[in-house]
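Input: structures, listed below.
Okay, so chain A shows up in both of these, paired with chain B first and chain C after.
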Partner chain A sequence: MEEYGGGDLLSEAMGSAARVVVVEDCVEAPGAFVLHLLLKRALASCGAAAFLALAQPFSHYDRVLRKMGCNLSLHRRNERLHFFELLGFRGGAREGTIADSFVRLYNEIQRLVEANRAGENASQFTVVIDDASLLEVVALGSVNDVLNFLHYCFALTSEMNCTLVVLIHEDIYADEEKMGLLLHLRYIADLVIKAAPLSTGLAADVHGQLSVVNKGTFREQKAKAQKVWNFHFKVKENGTDFFYPGTRH
Partner chain B sequence: MAAAGGRTLGRSSFSRATSNPVASSSGASGVKIGPNGAAFVSSGIPDLDRILGGGFLLGSVVMIMEDADVPHHLLLLRCFMSQGVVHKQPLLFSGAMKEPRLFLGTLPAPVSSSKEDGRYRAMGAAASSDGQANDEGLRIAWQYKKYFGDDSRAEHKDNKQEFSNDFDLRKPLERHLLNGQNIECVSIQDADTLSGLQDCCTSFLSKLPRKDGGSLTAGRIAIQSLCAPQCRYFEKDWDMVSFIRSLKAMVRSSNSVAVITFPSTVLSNSFCKRWQHLADTLLSIKAIPDEDKDLAKLLTGYQDMVGFLRVHKVAQTNSQVPVILEASTLSLKLRKRRSLVLERLNQAPVDGSSGPSSAASSSCSSQGSQLDF
Partner chain C sequence: MAEAVVRCLRDGRLDGEHAPALAVEGSLQCCPLAAGAMLHIAAALASQVAAGKAQARGLVVVAFDRSPQVYLEFMRRRGLDANALDRCVRILDCYSDPLGWKQKSQNQQHQGNSAKHFSTNKENITVYRSVKDVTKLMSSTTELGGGFEGEGKKYFSVAVDSISSMLRHASVPSISGLLSNLRSHEQVSSIFWMIHSDLHEPKVPRAFECLSTMVACVEPALVDPICGESPGNMSILELNYSKAKFIVRLKRRNGRVKHLYEDLYIEGNDIKFDSAPSVSIEVNQSLVPKVQFNLELSEKERSDRANVVLPFEHQGNGEPIRIYDGRRSLPEAQRDLSLTAPALVDEIKAPKSGTAKGEIHYFRDSDDEQPDSDEDPDDDLDI
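Let's turn to the complex of A and B:
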């Protein structure tokens, strides 16, 4: 992930060259703001992105990112952003099986990534999924179909200079024997960003804590590089502040 | 004449004839326009509207987690439905019962706006501990009630009187209001799948498209006990969550709000969390144990409380900033044993000499009663 627009704790923690970023959140501490930030950064560095939106319609992201200084409508018109509005995405029933719909979706993404790579301005491509737990609902519980889809997307990252960012609600898998999807994502991730509430409860100045586990450091020769980061965050309309506990006045 | 912001008790009987913000900014009755393109309808409980920052957001899904011990979610649902009937908004009701139509008979009527209530409300807005004494002798004629309170909050409350009503839970809604009203009832108890309900919702919502400007009729969907064990589709966890997801998508693009209550304890933890994540606004009811001496010592007004209401999530339009409330747990009380009020919890003084409690000023309904110490 480029560090463009960084200079904050999150960019420092993320480092660079992370291929698969998994964002975890829970009801008490929603993590969509991380996706917004990563999308903004992906588009800012002249990159291209494909956004799979299962949670909200385009208008929502457009307004949110606009307040953060990123014009999604413009990027969409310039074909820098490929937005998949999947609010009503049906897994099966009419158009064939669940697997078929996922295959169709994957093919479109692959086509976009290849087109981007082949073009003159080959740039960093980011695929953002909001969110993986809803993919399971689309698949009506068929975790295998979801895992297959995600695995194909994962394959794109290694073959085609593409980054994958996935949001998943970890509290759904908290005490389940079948933690399949969550464990799988954690395994393939280079970077796991987890948003959690403060143990002391709600606060107006601190919305929660973020822990970043940077597994990708193994690839770089920085043996002393910090692998685990913990800090607090406060979400604002125009971005998010990250700070160490106690450093806010 | 200084009308705006004046919180003095010596109100003039005239207020600036500024246009009534509620009525003029909403083309349809019962819809309030807020910032950021948000449009609200009232929940039927004025206190709840205030706490949620305006009311229930149009285009959002409100989910209420029931408590297995007490039926208070029905109080919330009834107020919500009655408010819709009073404002002549189309209503779709679905319940885990054989005859949902019969539930309509339990909807409460709005509290008849008497002089006493109007004055009571305005005095509550003035919110000072000696406010009660001064104006008790003053009888305001009905037609001047609208000039009540140059206190902007009182004025706002006055306007909100049109937007949201207090409901008298002891009086049923008049029959004639229900007849000829656009109310659809669907039973989900004997349904094998939720596709029937989904089709009803689809056709209901197709008549309520959303357009910027918010001048169209707002609709309400009320679903009671969606995952009740007696429903035949109960085992189909994925179907239920898939239904909620589709409903959410449809509601998002329509001019309506859906309120779904569900007994969260009958779902597995995993699915309960899925439901919670799907909610735009999430509330939960908690029973209050009777005759709990410890709680009685801890909280003021414990005897009047019928339960707790917790606000977990508040819907926002087009924003990533979470809504942090000053108090997320509130007590449910029945004022005068008939209308539902929500109050912040106030810790009772530990011993008599620790000063007056903040009960009177921070509670949203004028409590009047003082602690003696």
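Let's turn to the complex of A and C:
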């Protein structure tokens, strides 16, 4: 992602070359605020975005982002934001149909990305998925179909200069032996942002801790860049504060 | 040693033997380094091939995990020019459109209109769209391999990146069959592949190890005994993403297994190997619990402890014993003859060695006495 004037710890930790961002969260520390922030930044820097919403309807995100100073309805009308409301997405009963549904969804996204790239004002394109755990649900548990779809989205990032942001709930996979989808996503990610509660419990001023792992693939030229970050966050109506532990007054 | 491994792959198959096969195993904790190791081996082998020093005329990379451009760019950075790449490297691109989704969509859009071919094949990249069909994958690979120009027998090397991605589309037996067939193919000089061990059950990487003649494991530099991502472990995570251990097991023809070990680390956007293993790892793997106070002794503290004089032992220098008995202060006791050494000496129960003059020479027993020995531990007290 380009360096927007984020100027905060999260932008610093993310750097500029991350193509695939995986956000992990859990019930005690929901990570949706990271998606909201990244979506706002994607649209703010004259970029375009495709948002695949399986968790909430458009009105929810519109309300939340409006308080953060971003008008999703306007962006949608201007075709800078392409919103896919997938709450009723049916993967289909038979295996063939699940794959076909994903193929259709992917093709639509690819068309949008290509159109953006070929257009007059070619800009940074961001694909946001909220969330991968629900993709598995609509695929009726077929992890392979979800991974195929995510692989194609991932391939878009290298071919079409776009960014992929995926949210996944880490605690759903905590007990499984194989951790299937979660492990695969961690492998393909350039950047893993993990929201976790504080080990000391609930607090009024600190809502949790965020760890950012920048795997630093061989695309980046920076030598000796810091790869692992850890800081606290507090979610507010109009945004989120990021700060190192103990630096809040 | 990475060089030894590349040499084995470069030298290729011996007469009457199958092609040497290298399995590179990585895990999530150090996956950028495992990927780097794979890129390094591919680039190093391609360089040897381009320079005419290898048995093979060319390298075929079956790419699942990364875009073909990543390999080509890495090789370019390692000094291979466009001409050498065109001559010696072919990439079977199973990354861009593994299941043919893009082609299907293109066909629907341009019904019969072939004006715009989807992703026209560049010189050395061939898009492959049927990853579930392992037989077809085999024939595509050998077809690409047979296309290298040169003199002599048409040998080629194969790199598969990665087996883990292949396993999502095909079964273990079919992929094992593919690798065995490639190994025994008369034109294949050498073969190497990557597998991510934590994505599968333990028996799966082991099954592929059995097919190999060399196994290179990329392991984290530091193993954290306490799993988790608390802030204290951030430095370990950070280190494991920039440095790792490269452990190689080479199987010789006579059955002996040779073990080699190197460090590997990322420098900028390149990967480097270091044959001097680091020593500091032991410190972090001690059994001392991680608490906020120091439980270990420094050198000065150790020597001070050794110099402490125990109260009831002889100082062993022939002078009268200075023992405070609680009744008088010590200087007064010195003047009082009844309390000086001779009287006290008489009270010692077990003289260690006696001479005619009645001197007592005490030799301290060794500190590490065996438990349950017959000696009374109070024997060396001078009460």
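Assume the second predicted complex is superposed on the first by the 241 of 249 C-alpha atoms of A that agree within 3 Å, B and C clash if a C-alpha of one lies under 4 Å from a C-alpha of the other, contacts with A are read in each partner's own complex, and residues count from 1 in each chain.
The rule we apply is simple: contacts are C-beta pairs under 8 Å (C-beta built on N, C-alpha and C of every residue); 3 or more make two chains touch, one makes a residue touch a chain.
In this text, all values refer to a predicted model and were calculated from it rather than measured experimentally.
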Once the two structures are overlaid on chain A, check if chain B and chain C clash or fit side by side.
fit
In the overlaid three-chain picture, which partner chain does A:228 touch, first (chain B) or second (chain C), both, or neither?
second
Tell me which partner A:79 touches in the superposition: chain B (first), chain C (second), both or neither.
neither
Return first, second, both or neither, reflecting whether A:59 touches chain B, chain C, both chains, or no partner chain.
first
Just checking: does A:148 make contact with chain B only, chain C only, both, or neither of them? Give me first, second, both or neither.
second
Geometry row: CA centre of chain A as apex, chain B and chain C as ends, angle in degrees (steps of 10) is 110
Touching partner for A:158 - first (chain B), second (chain C), both, neither
second
Once both structures are superposed, the least CA distance from chain B to chain C in Å comes to 18
Residues on chain A touched by both chain B and chain C none
Chain A partner, complex, touching residues on chain B are 36, 237-239, 241-242, 245-246, 249, 252-253, 269-270, 273-274, 276-277, 282, 312-313, 317-322, 324-325, 328
Using the touch definition up top, name the residues of chain C that touch chain A in the complex.
28, 31-32, 35-36, 39, 67, 69-70, 74, 95-99, 101-102, 104-105, 168, 196, 198-199, 201, 229-231, 234-235, 237-238, 241-242, 266-271
Which chain A residues qualify as touching chain C in the complex?
103, 106-107, 110, 144, 147-148, 151-152, 155, 158-159, 178, 183-184, 186-187, 194, 196, 199, 209, 211, 213, 215-223, 226-230, 245
State the interface residues of chain A toward chain B in the complex, per the touch definition above.
26-28, 30, 32-33, 36, 56-57, 59-60, 63-64, 67, 87-88, 133-134, 137-138, 140-141, 169, 171-176, 202-204, 207, 235-237
